[in-house]
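Chain naming follows the written order as A, B, C and D, and within any one chain the residues start at number 1.
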Amino acid sequence: MNDVRVGVLGVGRIGRMHAELIQRRADGASLVAVYDVFSESAQSVAAEFGARVAASPDELINATDVDAVAVCTPTDTHIDFLVAAAQAGKPAFIEKPLSLDLSEVDRGIAAAEATGIAVQIGFNRRFDPSHKSVRDTVANGEIGDVQMVRITSRDPAPPPLSYLDGSGGIFLDMTIHDFDMARYVTGSEVVEVYATGAVMVDPAIGEAGDLDTVVVVMTHENGAITTIDNSRQAVYGYDQRVEAFGSAGIVASDNPGVTTTTRRTAAGSAGSTIPYFFLDRYIPSYLAEWTDFVAMVRNGAPSPVTLHDGRAPLVIGLAAWRSFHEGRPVKTKEITP
Amino acid sequence: MNDVRVGVLGVGRIGRMHAELIQRRADGASLVAVYDVFSESAQSVAAEFGARVAASPDELINATDVDAVAVCTPTDTHIDFLVAAAQAGKPAFIEKPLSLDLSEVDRGIAAAEATGIAVQIGFNRRFDPSHKSVRDTVANGEIGDVQMVRITSRDPAPPPLSYLDGSGGIFLDMTIHDFDMARYVTGSEVVEVYATGAVMVDPAIGEAGDLDTVVVVMTHENGAITTIDNSRQAVYGYDQRVEAFGSAGIVASDNPGVTTTTRRTAAGSAGSTIPYFFLDRYIPSYLAEWTDFVAMVRNGAPSPVTLHDGRAPLVIGLAAWRSFHEGRPVKTKEITP
Amino acid sequence: MNDVRVGVLGVGRIGRMHAELIQRRADGASLVAVYDVFSESAQSVAAEFGARVAASPDELINATDVDAVAVCTPTDTHIDFLVAAAQAGKPAFIEKPLSLDLSEVDRGIAAAEATGIAVQIGFNRRFDPSHKSVRDTVANGEIGDVQMVRITSRDPAPPPLSYLDGSGGIFLDMTIHDFDMARYVTGSEVVEVYATGAVMVDPAIGEAGDLDTVVVVMTHENGAITTIDNSRQAVYGYDQRVEAFGSAGIVASDNPGVTTTTRRTAAGSAGSTIPYFFLDRYIPSYLAEWTDFVAMVRNGAPSPVTLHDGRAPLVIGLAAWRSFHEGRPVKTKEITP
Amino acid sequence: MNDVRVGVLGVGRIGRMHAELIQRRADGASLVAVYDVFSESAQSVAAEFGARVAASPDELINATDVDAVAVCTPTDTHIDFLVAAAQAGKPAFIEKPLSLDLSEVDRGIAAAEATGIAVQIGFNRRFDPSHKSVRDTVANGEIGDVQMVRITSRDPAPPPLSYLDGSGGIFLDMTIHDFDMARYVTGSEVVEVYATGAVMVDPAIGEAGDLDTVVVVMTHENGAITTIDNSRQAVYGYDQRVEAFGSAGIVASDNPGVTTTTRRTAAGSAGSTIPYFFLDRYIPSYLAEWTDFVAMVRNGAPSPVTLHDGRAPLVIGLAAWRSFHEGRPVKTKEITP
């Protein structure tokens, strides 16, 4: 069976990674073309992995040898490229967040629905085998009715300030992964959000109007309560844990160690750190994204992360910001009636 | 050196346990007298452990062969016995919560301060070696500045409804342990409380005006944010974990297993449950309470859990109830200006 | 139901521990009399736990208020006291090893069988909940046919040389526990033994003709192969692990930690030591011994550790010494045709 | 800097894996040519990864565009290709075992030394981060003097009988990895070997004159004692653990889980299996082999696994077979005086 030939728009850090996975690791997918506003980036990625450089986003999206498009460009361009892919009738993979502007998101959804293209949003953590196992354990009823979910998600170090600016702030840039995880694990929409937070890592983050340490409590339609905590700086590594508690038990994913080695002396026991770089932890999840994408494009399998799954966390994130600024719980329907 | 001769007021489940620990396990303490409104209880405990039955609380408190008093009676009698011990100049151990009535607590504190008796409140979890190690790791700066604390505290099954009535509700009966733990681990007072919760375990608990599943987010004077989650029913056992995250690392206490045995088959791995009964988990902490109590009475060591440590969690608990009822974060100084 | 009234012969470290457990912790047993060649020891234990000092072993064994005898004296006196208990028709608990002399053991067995007294040997590790769970998992077929067993048993520090002399050497003093464990876990007799070892901890142990570091490989009647390793000095604590591998899976007991607390910093993770003192690890197993002893004496329950269970490990130990000295595998039937 | 251009001889399962790693994953290496006696295999691998098919082994070894040779052919051809590579002056990577015939090995070593080519033997487990951490901890003295090593190495299922025939039997085919690990971890040669074993998995293995379950005890020059146990069938997965015990502590590598997820219910806790397929466990180690190979070829770094490291385990394996057949410990110098 022929490979799904993918064109990648935007080959910065994340786009370059997708290009490599598509060409070298993912079964059933191959890289045919790349585009980046920085042509040097496009040329080096094209050369390294054996693909051509597209003349423009439109050329790439409409090229006859491009079966599907991966949108890894800056957030504020996602919807335009989604609309273009929809008009070209090309299936699209779009990195998170879909957009910071709810009306833009709705424009994109309308365009996609108009031509019925298949779309997958890049919430890669759903594909992490351990987090997925938490969700599957909940979904198959092994812990009964889910009552409380705890999500810890901490970066090893803050990104450059330049990156933060335009990111929508921690709730839309970082916590948005956890908003998606909460919906994924509980299988239930979020109805209320309470958010608190502070600047504990770097005052410059505060001066930029953002937070670096936050706690969010959310109530789901099914009554479950999710608690999320984030920090921009966990010096011990990339701390990613999900726990679901239910009427019949509990299930939790933990961090892997860099090694499985333990030392014991009279002073106590010692082990390795946990992975520091997000790719060390999540490469298998990014790879699994492409397996599902190929199945969606080739076999018409349902999208594992739909446009609605891309929209809902944005609504929650906007509610989180309002909750923080107004110092009260906020209903999601205050954001999108 | 002579044993500290202890008289125990109230020998229900918890009082009987203290009587046994004092007489059979604790170094430097011995049981001389017990009292209970149910004289059969007093007689059976006295007979089993070799002590006399006091004629009345006053007789016990003032007896010349009683060096110190342990108050394990119903909550609403704690302050009266504290005052009586103060007037008798006898050191007192008082079970938690000190009282459900702040003005009562203040009356007790005033009486104790008037005669300067040594008092220790029964927050036993401070003495659990694993939780204590979390606190010590924070206190000695190993994780830098503490930024976020996570406390999970879940009972294996709800107590009888009869017990709940008069308990002050989940925040004053159950979460109060975690309010104390948050102050203990961070070493900082709580300034704001947000509480949410629901009835997920037993509708009868809700009909009694109480909750069985709660999440509390608190801000400390030093800026740290503590998240607490409680459930009245964790079918897998007595789930008790404390985690402190700081600028230089993280420290966490986990649940012990009933055994250390692991089985692996083609189907996966399997291990034991965690302790189900609270005494299986916390007997060492109750025993350690008495070691410190003996040191306090004999050598004038400072109280490991002061009257102020008994008062502060009550304030937090009252703030939690107000937060829940009003659906907003509540400052502790709204409760006690 | 009346307590089983126990008299304890020999109240050195282990005898004193049994006296305390019998009097203060074990349900259904109480301490009535103690005897020790060092009368000060007998008097202090009698005073501390409330029992009388017997005038002589015979007086204790034959006293009408003594229902059962616990023999915690030096090894070379075990059989004489077993015979005396048999003649008095008193059930007996006997510390390991039964004796270092096989003919003596057989004399004791003959005497016990002649009067049919109930006897339990003090192989306490069978009662450790984690090791017992390994054995039960094997016994109930969860891992299929047991094929290989691995036993690690290491002391935190060597005993005084004075103790070693007369101990029968490491195979009869220390490894004998593991010989019992191998029979217990596999449920099968040992037919061949290969032993190697060295002096790595203290040359003085070698000068005394003993070893401090040994490895033993044994073949069982059912074909299973057991590997044992011992060291007299594991500086990180009292290392006690049992693993059984079978056709359908594996089961293993691990060491508990002193706490469940883990710290993580940029340098890695760190945890507590494992218990250092054998009582910290095995008190629950010693206590469980008495529960079974009471059931055996009161209700005629079968002995959990029979005289045969006391004899077999001695045979294996003698085979181990011969294997080491002759540098070849030795069949147990070479020791006891 | 130019890539090291590698030609791969033999592209069966393991050769095909090396070809993929060299071309797609390893930095500084690229695949230029492949050869296999089954030309279809050569063609499919060449086509998939973009390399040419060599006309013959000699053509590949001597091709000007081949900088180095990877020998992944059947064992009995390794030495001929090593000699050919030596004559061509090409650095060589050779899969384990080097050969089953000691005189052949010595012929290969002589040829390699004559022209001084760099050679690396494919003992990949040395490159596993967890096992390597065990060795490094020993090497840097963190556990003091190493006294005992325990190696468990069990396959999930036996290979086809056709494969076993010609493999040299379990000691030369499977245990040989552990013989290498024992030398690697202790940094000391093996002087004596005792081996026992049985047929517990499949009678057909026994009829072929081989064993499927073995235990080996070895004494090293430095006095350390290593115990190895192998099984051809661990139904729970690919069980690979190394533990080193020393005068100052212990260090051990454990199996990773397939996920980090744990479930708890009233029935107990459950987790994932361990990796079943050896590539799931050891791909990182195979990749690290190529990193070191590139450093050796490009920069003249010392070989991480020398020809002597390839020879020594063969000697130990031959001693193990003799020990098993003669039922006694065998000195390695009996094999190679």
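Just so we're on the same page, a contact is a pair of C-beta atoms (placed from the backbone, for glycine too) under 8 Å apart; a residue touches a chain by one contact, two chains touch by 3 or more.
Being a predicted model, the structure only gives us computed values, none of them experimental.
By residue number, over half of the contacts seen at B-C repeat in one listed pair from A-D, A-B or C-D, namely A-D. The greater number of contacting C-beta pairs, out of the two interfaces A-D and B-D, is seen for A-D.
Separating the CA-averaged centres of subunit A and subunit D is a span of 39 Å.
Per-chain CA centroids place subunit B at a distance of 57 Å from subunit D.
Each of residues 235-236, 248-250, 264-266, 272 in subunit C touches at least two other chains.
Against subunit B, the residues of subunit D that register as touching in their complex are 235-237, 257, 264-274. Subunit D contributes residues 24-25, 129-130, 133-134, 137, 142-143, 248-256, 258-266, 272 to its touches with subunit A in the complex.
Subunit D meets subunit C in the complex at residues 145, 147-148, 150, 152, 154, 194, 196-198, 200-201, 213, 215, 217, 219, 223, 225, 227, 229, 231, 233-236, 239, 245, 247-250, 327-329.
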